[in-house]
Structure formats: C-alpha cells, structure tokens
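Inspection log for the structure reproduced underneath, given as structure tokens.
All chains are identified by letter, namely A, B, C and D, in their written order; residue positions are counted from 1 within each chain.
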Amino acid sequence: LYSRFDAHELIAAAHSLVSPRGRGVYATDEAPDVMDGTLVMAMEEAGNRHTRFTEEKRRERRKAWKECVYSAVPSDHISGVILHPETLHTFHLAPLLSDRGIIPGVRANAELTPLPRSEDEFLVEGLDGLLGRMQAARGEGARFSKFRVPIMCGSVTPGPPPVPVESTENEGGDEGGQKKPYTSTVDTSTIFPTQLALETVAETLARFAAISQQAGLVPIVEPDVDFSRDADLARSAEVHERAIALIYERMRAHGVLLEGSLIKPSFPQPGLQHPSRDKVTAEEIALATATVISRSVPSAVPGVLFLSETATNYLAKVNQLALNSPPGSPFARLPALSFSFGRALQAEPMKHWVKGDEEATKASLVKWSKICYDAVLSGAVA
Amino acid sequence: LYSRFDAHELIAAAHSLVSPRGRGVYATDEAPDVMDGTLVMAMEEAGNRHTRFTEEKRRERRKAWKECVYSAVPSDHISGVILHPETLHTFHLAPLLSDRGIIPGVRANAELTPLPRSEDEFLVEGLDGLLGRMQAARGEGARFSKFRVPIMCGSVTPGPPPVPVESTENEGGDEGGQKKPYTSTVDTSTIFPTQLALETVAETLARFAAISQQAGLVPIVEPDVDFSRDADLARSAEVHERAIALIYERMRAHGVLLEGSLIKPSFPQPGLQHPSRDKVTAEEIALATATVISRSVPSAVPGVLFLSETATNYLAKVNQLALNSPPGSPFARLPALSFSFGRALQAEPMKHWVKGDEEATKASLVKWSKICYDAVLSGAVA
Amino acid sequence: LYSRFDAHELIAAAHSLVSPRGRGVYATDEAPDVMDGTLVMAMEEAGNRHTRFTEEKRRERRKAWKECVYSAVPSDHISGVILHPETLHTFHLAPLLSDRGIIPGVRANAELTPLPRSEDEFLVEGLDGLLGRMQAARGEGARFSKFRVPIMCGSVTPGPPPVPVESTENEGGDEGGQKKPYTSTVDTSTIFPTQLALETVAETLARFAAISQQAGLVPIVEPDVDFSRDADLARSAEVHERAIALIYERMRAHGVLLEGSLIKPSFPQPGLQHPSRDKVTAEEIALATATVISRSVPSAVPGVLFLSETATNYLAKVNQLALNSPPGSPFARLPALSFSFGRALQAEPMKHWVKGDEEATKASLVKWSKICYDAVLSGAVA
Amino acid sequence: LYSRFDAHELIAAAHSLVSPRGRGVYATDEAPDVMDGTLVMAMEEAGNRHTRFTEEKRRERRKAWKECVYSAVPSDHISGVILHPETLHTFHLAPLLSDRGIIPGVRANAELTPLPRSEDEFLVEGLDGLLGRMQAARGEGARFSKFRVPIMCGSVTPGPPPVPVESTENEGGDEGGQKKPYTSTVDTSTIFPTQLALETVAETLARFAAISQQAGLVPIVEPDVDFSRDADLARSAEVHERAIALIYERMRAHGVLLEGSLIKPSFPQPGLQHPSRDKVTAEEIALATATVISRSVPSAVPGVLFLSETATNYLAKVNQLALNSPPGSPFARLPALSFSFGRALQAEPMKHWVKGDEEATKASLVKWSKICYDAVLSGAVA
C-alpha cells in the first residue's frame, strides 16, 4: 500500500498538521464559482456596485486573493492549507505556502449525486481517476488531501412513507405474462441517515483514504453531519458516533494506515428545527463531542480537525474538557482537537481585501488564526 | 462440516420432506405445559369439568394423545412430524412415525430472552449444548430439526423515543472525576424490527443450521414475523424479504449446505392494528409472498413450509400463482411451497379425542391433512 | 428509485433480453483501440500488409464494421447488442438495431485501477458521472447497460508473504518522537481473491445497478473470474459462489429491482496453471456452474448470460442439465441460461469483412448466432 | 439497556478495576477439576504421595485454598478477583473479597464446541440463560464478569486443502433424481483464523457484554489468541488487530456502554513453531502490542488487562513505552495497561500451601502481586 519511506512520511505529515498543539488547518478549497460569489458579496457589502467581471478577470481576482492571504498565513498558528485543484494546478501556489513552513493539501472530492435508493441523501463522486489526480497534486507540492461527504440527520420521527409500487396486474404479454412484483424495494423509512447512506459514506471515504496514501498524501476524511433538521443533541451525537465508527471499520478493511490520516468532523448539535437549538450550551456540545470522539476515533489517529464555521466556542470548550480531565478519564486520552476553518478565518480579511487594503487583510488573517489557536490552547472564547 | 455420506443423506431427507408435491409437515412440538393447556381447553369446550390432573396423569395424557394421532398421520399427505424433545426422548415415539414412512424431527430452539439493546425484541436460546442434543435426537430417530425465532414488525411510524441518559455531572471521585458520557448508546429508534434484531436472528439461525447438519439433521429455519402491530402488507413483505435474505447470508457464511435445508416462514400480511387487515385479499397476500420468496430464498433450497395456522387459503393462492405462472416468470421457478401446520391439522381431531373417540380423531386428522395437501396441489380453498 | 412506469419497463426489457429461450446478447463494446487492433490483426492474417491508418480512417473503419454486422444481427437468435459509448454517441447506431427488434445497450464501466491494499487486484472506475451518462445513453436509444469487474482467483496455496513494514526506531523529531507503528496494515495474505476485493466488486456493481435503473436502463452486472492461475474447479466454483452471493447482498442493500436486472458471469473452471485444466469435462463444468447459480443468483433475476468466449460447449451442457433435471431439483428452477459473446460470434465474420466480402460477413454472423442459440436450446455442440 | 444508575455504577466499577494505575485483576476461575489437578501436582512436586481424595474432600480443599489466598489479596495491588461460579455460589466467598475492598467477578463463558465449518476452531457456549446467571452472580456480590474465547492463529502458509465433496452421480431416486451438488461449501482454506471464526468470536463476546451490563456487571471480554503455531510477530499482531477491532464493531452494534467495559487480550507474539520465537525481544512485543491497542481499542474503554501468564516482562515494557512516549504519540493516549494473571500470582503461594504453611502462602501472594504491580508502574522486570 505504501513503501516504508512513505509510511514514515505520511505519519510525519499527519503529525505536523496537528502539532504543536493549537495549530489548525485553513480551508480554502471553495469551488471557483463559490469563491467568485463570496468575493462579489463582500464587494457589494462594501458598497461596490461594479462587480460584474469577465471569466478572465474573475480568475485573476481569485488568484490575487489567494496570493494575498497565503503570503500572510502564520505558521505558528496554522499548520496547513487546503487548496482547490485550480489553485494548485493553475495558479501553482503550493510553494508560496511550503516555503513558509505550511503544508499544502488538496480537495479530492468531486460532485454530489443522489443516492438512488434514498434520493434526499448523496453519493459523493471523485474516486474515478483519483490515484492520478493525487499523484499530480503531490507533484505540485501537496502533502495531504481532503474528501468531504455530507450526512443527512433527522430525528426518528419520520415523515409520511413513500407510496409503494402498486400491485396492478400486468395486462400485456411482453413480460411473458409474469406478475409484476408486489412490493417496492424502496426503503419505506424516511429516517435520516439511512443505513445505506452511512455505508456508502464509509466505503467512499475509505477508498479515498487508501488511494490518497497510495499517492503519498495524508488523507483527511470529512464527514459533515447535517444540522438543518429536527434532530436533538442526543440524536446528532448518536449519528456522529455511528458514522465515524463505520468510517474507521471500512478504513481498516482498506488497509489505511491510521497513524498517517486525520479526520475533519462536524460538532454534534441540535438541528435548526429542534426547540433545544437555542438553549443548548457549549458545555453540552463539548461533552457530547468528547464522548463521540472517545468512542469512535481510534487512538492511532493523531488528530481531529473540527469543521464547523461558527464553532470557536465549542472548540474551546471541548479542549478545556480534554485538558482538564483527570488521568484515567477517556477524555484525557483524546487526540489533538483542533480546527479546519475557512469562513471563520477569512470573512473579516476579505472585507479588507475588497477595499484594496492588503495589509489590513493580512493582519486580520493573522488575528483570526490566533483566535482559533488560542481557543484550542486555552479555551478562551473569542 | 458433513461427510459425503451425510451430504447425500441430508439432501435426500430435505427433498423427501417436500415431495411428492403437496406433502407437508405436521408440527406437534408444543411445550408440555402448552399441550396440557390445549387439551384442558378442548375438554372444557366439550363440557368436561374434571380437568385437574396430576403431573403424572398429564404426562400420560400427552403421550396417549401423541400416540393416537401419530398412528394416524397419513404418509401420502404428510411427509414429516416435528416432535417436542419430551415426545422424542421420554415417550420414544419417533419409531411410530418412521415405521409408517414419515420422517420424525425435533424442536431445537429453547427460551426467549430480551435483546439487551431493544428489550421488546428477542434473543432465542438453544445453541448451548446443541450438537450433543442433535446427536441424541438423531439417535432417537430424528432426521430433521426446527428452530423458531420471532421477529417484531411494525410500521415506520415509531412511538415516542426513549429518554436518553442525562448528562449530569459526576459529583463523586470514584470514577477519577471523569465526566459521565453524554449520550446513551441505546438505539433511539423504536421501529421494529431493528437492524440488530435481524442480525441476531440470522446469526442464531445460521449457527443452528450448521450445527444441525453437523449432527446429520436437516435444519428447518423458522423466521416468524409478528403481525400483531400496525405494519401494512408492503411493510410486512419488506421485513420478510430483509429477514430471509439476511438469514441466507449468514447460512452461507457458516457453510450450511442449502440443498439439505428448508425454511418455515410466515406469510407477509397486514398487522392486526392496520386498517387494511380486513380488506386484504388472499391474492394480494399470495403475490407478496411469491415476490418475497423469489427474491430471498435461494433456488438451491428445496422447499418452503409456511407456518401460518389459518393460512390454507393463502397456501392455495400462492401455489396457484406458482403453478400458473408462464415459463420465464420468477414465480415459475419457486421451490416447493407447502405447509408446516399444527393447530390447523389437530384442532378438530382433539375435539374428538377428549371425548374418547379415537377413530373419529384419526379420521379427522386424515381429513385435515388432505385439505392442506389439496390446497398445495390444486389451490382448492378449504 | 424508479417510477411505476420504469419498473414495468425495466422488467419487460430484462425479460426480453433472455426470451424466448435461446436468444442471447452480442457483445460489441470493445474499446476503440482494441477494436482497431483486432481489425488490423484480422487484416494481417488475411495477408494484407497495408494496415496503418490515420485516426480518422480507423474511426471510419470501426463505424463501417459495426454498420455491417449490426445490419445482419438476427433477432430470432440475438436479443440485444452491447455498444461501446463511441458507437452509441458518435456513430449513433442504436436505431440500426432497435429498428430491427434488437435491444441496444451500453458499456458503463471505465478503467481499472489497482486496489491499494492488494495491488494485483482491481478497483473498477466508471461511477463518477454515471447517472448523466446513463441518461444520455437512454436518450440515444440504449435500454440496458453492462459493467464488468475482473476478479482474481488462485488456489489457497499462497506465494511468499510480502515483507512487513520494519520496526526501526524513528531517529528524527518531526513526529514528536513517537515510535513508528510496528506492523504494517498490508494484508499478509496473497490468496486471491481477498475479502476486500470481493467487497469492493460487490459494492461497485450494486452502485452501478442502482444508478442504471435510476436512469431507466436494465443493469447487467459482469463478474469475470480469472482463470489464468492455479485454482482447481472446486476453488473456482467456491469463488464464483461467494462473489455472486455478495453482489446480490449489496444489490439488495442498494434497493436494486432484481426482476429488472441480469447477470453476466464467467463459467467456473480450473485455472490454466492447474493440472486438471486439460482433463476437466464439460459435464463437470456444467454441474459446478448449475450448483453455483442455484445457490447464489436469486430466482427473481430473469436470466444469466455467460461471458466465456470459447464456451459454447459448456453452455450446451449446463442447459442440458437444467432442461433434463426432474421437477424438485434445484437445477429445474434455474433462470434462463444464455450467452453474451463477442469474439465467438464475430471472429469468423471479421475474416470475411477485412477481405471486403460483406455478404459473407453477414452470413457468418447469422451462422454463429444460430450455433450459440442452438447450444442453449438443444445442447448440440458446435 | 441500563438505567442511569446502572450506567454510573458500571463506569465506576470498570474504572476501579484499573485504577489507581498499577492495580490488576487476579484470575482464580479455573474449573474445579483443573483446580484439583493443579493442587495435586503441587502436592506431588512437594513430595506428597497421598493425593487421592474423595470428591467431598476435594471440594473442601478447593474452598480452603481459596479462603486462604482471598484473605491475603492485597487491595493496594489487586483491584478485583475473578471467581468460578462454584466459588461464588457454593462457597459464597465474594464477601471475603469485597469486605477487603476488592471487587469480586465471575466467569461467564461455558464450554467450547467445534465451529461446524472449520472444526479446528471453536464456538464458545455460555449465552443460554446468561441473564439469569449474571443476575444471580450479582446477588452473590459479583460486580464484573469475564468471557474467554480462544482464537486460532497460524501463518498464511496453509496446510493441504481438504478434499472437496466429490461429484459422483446420484444413482438412486430418493432425491427425485437430482444431481448431487458439485462443490462442497467447506471452506477450502485452512488458514487460521478464518473470517467466520473472527465473526463468531466478536458476536459471542458482544452478546455476552450486552447481557452482562443488562444484569449490572462490568463485562471483561477475553480474546485469547493462540501462539502454539507458526505465525510470526507481524501475523500475530495483524490477527490481534482484526479480532479486537471486530469485537468492538459488534459491541457497538449491541449497544454496549464502552466506558463500563474492559478487555483482557493476549500479547501479540511469534508462535512456538516459528523460528523467531526465541529471538524476539520484549521491546518488539511491546511495540507491536501498543500499536495493536492504539488501533483497535476505543479510547472510551478504561483499561486493558493482559492475560499472558509469563508476561511480566512484556507488561513492563509496554507500560514503559506508554509512559515514556511524548505527547502527540498514539502510545501516550493508551488506556490503563495492567494485568489479569492467575498462575503467575499463585504458583509459588501454592507450593507453600500444600505444605500447610498458610503464612508463607499469603506472603508469597502479596509478593507476587507487588511484582506485577511494579511491572505496570515502573517497568521493572521481575
């Protein structure tokens, strides 16, 4: 699966991404059109009305923005940056980071497609041709890769069941007169996530991770559990625990070197449609999170990089819990718990950038990187 | 797993139990106390008030009843009889059947115990010491065995979720001050059957079947899907299909010789609490049943012995469907579809027996055996 | 997963591909460069030395060849033709077939890539963007699709185990001084197929089948078990049985409508490196094949289209076995057993075509189609 | 599965069994006849020739021995003692331990029976009636339970494959003239452990653990990997990792509260028939062990109690590795690593006891308990 040299290197790279404790990963792998939209929105918020650009101009701006922030990423607080393939292969910006001691990585997942049996859930594409793409990314300087899969999550009170295939007789002869099968094989349950969705997520991430290591890149698996629905905290935690445990089952089956891999999960939390959403405390989130991680992420995995954008608070609390638990507590045995944020780090910098103030942009990125770093280390709420 | 001789014999015995087409299996494996209760009820219905017997007397009566009916079982309509271990080992009645060309078998399952994670569902005991028990049964003349597991089945509209374990802090020091885990691992879903229940059912039946063949007995696996709740026909069929398919997955894993095994399933049907219960037709049941069997029971299995007591009608219809399907239809490829009934065969005979009329008892058993046989063969409704 | 209309149509199309009994599927989905090579080889065998063509000319020749044979495919012996995407989308030749009552289908699988954990085995690509490709194929007239996966198969006497990752200490500090993990997670077994390979094959085919039905195309899953190694017949049969059973496990999990699907497996057979290779009889192959199919392919599946090129003989014998088995035998319950051949049908026609004799080409295709049809029907050896 | 009160109590009891760090569990659950034999052997080694006792006398001696050692178990070095059911239910000795601050537990597993498909491997009995037995044990004072399963382990160079079932024709008519199935379903692989054996081990232990918690007892699962064969260290470690990971997969499925459970595994080590057996160092064993535990035992599990009798040396080294690993190393995150020994603790005390010297017996038990405790704490080799 990997040569001895590769195993050594994978382990070292994974370790560097989460140490010294406090450092996290800056996610800048938005799709180009999403990046364009974000920049336009920032310009309009800044009062700028001339936001229609040619494709050529948009590409220039994307590159300029990345160059500006990449040249400011503080390596004492940020260990790595996730690049979009365009940034890696067209703009060739990986050296800008690695020259400054920051590890460049690449987004590996591609499009979503509906899961045939449960069309509100998803298959994630990106496995076709992955080995070649990862090898090319490594050639451009990437040392890790990231694959995101969304996971639907609702309470166990399902909506109305779908209508089954009806059992009307077959009047014609083109099937040899055979009866139509009576029952649909459609899953009559609309409780999310379905077992099938969790299985496909786990299998997809495990194939990704194995291929990524085959190409010499540390895989970061990103199971992103939905919180738009009506799950309460216990249900969200249960879904996180099942999903993550199943991911590691399949990673073991595919021979992934756990010591050379990382995970980027969401925080368990009540859904937006659940009444407890507004009442839940960061302490409750942190307790549920620490429990989930201690049950489902193997100790061999060097670190957990939480994804949630607005979660500096949760991040601080879960690290406080880990740092203050007595020896003998499972929470004292958790791996490094850090962050992999995008918007949280760059929202304010971008406001400066669209006004043309590069220095303020850079200063702001440094400021927010330190805020996240401090949250991990001290638990101080930003 | 089995010697060449055994494989030959297992296949021959399994084949004999379902051929010539129409013959079925008479189930007489009620527990002794259930048997006693049934006899008392029959006596009281017949107007007899003196129904209190000593244990000794009750045992005598059980033996006398079995001797009477066993000596009348018609081998042209009945291929085998399932005995309770008491009948086999204490009364030694297997030869009474085998001398008349009828294959004796034995009940192998023991007690139910609640499934810890989902206490309204069950684990079925009976695997401890099973090899020795099956070998002893073979020594007494048994050539097949049967293991029943109940499967809960409700609609996908669950009841209220259970209360999760609360996240109160741990005040004491006896856990090293560690926080209590936030979330329960209790399955918050009350939708029956749970995935775990189906898995334990399948694993239990597969272990039974493998051990039974190890001892030289044809295993009959009996998944008995509940119909007391609110599932509709489509849901019941879906549960049957999943349960039976999973049973054969595990039977394959355990190396069971499918050609030397049989299955005794329930008929898919709406639950007693579902409004369609009174409206469903035998044709609809038959169509659902044939679909389920064609999807889940491998062709290598020589036959299906339905268990439902009041199902002569369904039995006729599903056989009509199988017999009248054109070549090329999956239903034309179904294995033998016959019966394994108890009460349906012996309810009327018992009324005669409690009055002391042995000849009428025997005649009635012959009559009802023929009714079931005819249902298989001609589809004539009794 | 599929609308009622689609389910009806899928079932009807699957049924048509294997009925009336005897009809089979003509496989013409070679990759363009393979097709070119085959044509060149046929030319050179015919004594033609001028076989270097421009890419443009090669494409013209591919199209001309397909047009010639497609216009001759006899619908009384051939039910469907598998097209390469180029033939479907660039040459638009589906109507040439459907106008003559023959069902066009499309190849869905893409490239092979080594399975990371066991690099002599394969992952098969082709799932990315599959739904769109299948919908486009349907728009061009395709009504079914086919996905091939190769399965390695050797005896249980493995080669030398791979060298494990060594446990040398880590001298550097870049991993925080942590010890290198002692053991490799590389599977030390070199026995093919690995459990992982079978699982990935099954999952890949099931995802393909579900997406194909989502697009309204009948999926044909093609597990092609290798026979280049040293497995004997029993081992090859065991591998076929496990592989096919696992494929249907995952197809059930993905909600595939079995009645609207087909399978194209290889024949179990001794490997080229096994001494029994030259001694095995067609009767032995047929017995093993019928056993495997009866144990692993659900009755709901309307037909089995064997793939082996030189297998007219096996095809005849396995059909004789099925047709001559008495009622009650599992072999009497097998689905339609037909063929999906390429080379066997077109090798001789191509010899005529490269000489420019279109009439002889067509006559030869008709002749070979009838030979295969007769093999299914009568068991006559060609 | 367990009430809130029970969860709290289970977690506290599991925690106490492995803390303060260094304390371990004394295993005294030998079967009565094994205990008798051990005592007789010790007597004969001490020169005593009169070693034939009546059953009554033998029981008295067993009780006397247990009373002697139980009254000496040092609670500063020993946290719990595993009792045989006879000791618990007939001798009622649990209070002797609990009065002294030591937690009594009970053996839960029963007999071994050959796994039908792979008869050199085992099914372990003891699940029938388990809930009642565990509740009774709790009534007698037990607070934990232990279930041992043996796991065969050999290299990947298998012995000769078994002879498959032959394909002779069936001459008789008793199977309806059907052909005998060609292939055996016997696993042709003799590579231990089989996948099936690992699955049954995991399922058995998970059912045990769930039922044990249902009764309020902390379950200790004991996967005991064989080292009598020819596996090398890497193979033994691979088997340990797969086995333990699979056990936790099934424990999760059965809803076991990981925080209220423990594991008692063997040390990975070369088999007695492997040439490296005599050359392997304790450091190599420790490195392999730490790797296996970090990959397969969830952080939520409070401790690991190694079983190997002669393993004080390994125990010291693996604790040294854990205690000396820098923060960020997976080995710094291992749970408590302690011992659950029998013979290592009581072999020398017994020599004194058979001579009638109770004081020397007790002193020796205290000495050996401290030796094991010290091995955990300081890594000092005994």
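The definition used in the following text is that a contact is a pair of C-beta atoms (placed from the backbone, for glycine too) under 8 Å apart; a residue touches a chain by one contact, two chains touch by 3 or more.
Since the model is a prediction, treat every value here as computed from it, not as a measurement.
Two chain pairs, A-B and A-D, are compared here, and A-B has more C-beta pairs in contact (counted per touch definition above).
Chain centres were defined as the mean of their Cα atoms; on that basis the chain farthest from subunit D turns out to be C. Work out the mean CA point of subunit A and of subunit C, and you get 37 Å between them.
Distance between chain centres (mean CA atoms), subunit A to subunit D: 40 Å. With centres defined as mean CA coordinates, subunit B is found 49 Å away from subunit A. Shown for subunit A are the residues that touch two or more other chains, namely 15, 19, 175-176, 178, 181, 184-185, 195, 241, 252, 258-259, 291, 294-295, 300, 327-328, 330.
Of all residues in subunit C, those touching subunit B in their complex are 15, 18-19, 21, 241-242, 245, 249, 252, 258-259, 291, 293-302, 327-328, 330, 333-336.
Subunit C contributes residues 1, 4, 7-8, 11-12, 15-16, 19, 110-111, 113-114, 116-117, 119, 123, 125-131, 165-166, 170, 172, 174-176, 178, 180-181, 184-187, 195-196, 199-200, 203, 207, 210-211, 213-214, 252-259, 300 to its touches with subunit A in the complex.
Those residues of subunit D that touch subunit C in the complex are listed here as 155-158, 161, 164, 167, 175-179, 181-185, 188-191, 195, 233-235, 237-238, 241, 284, 287-288, 290-292, 295, 321, 325-332.
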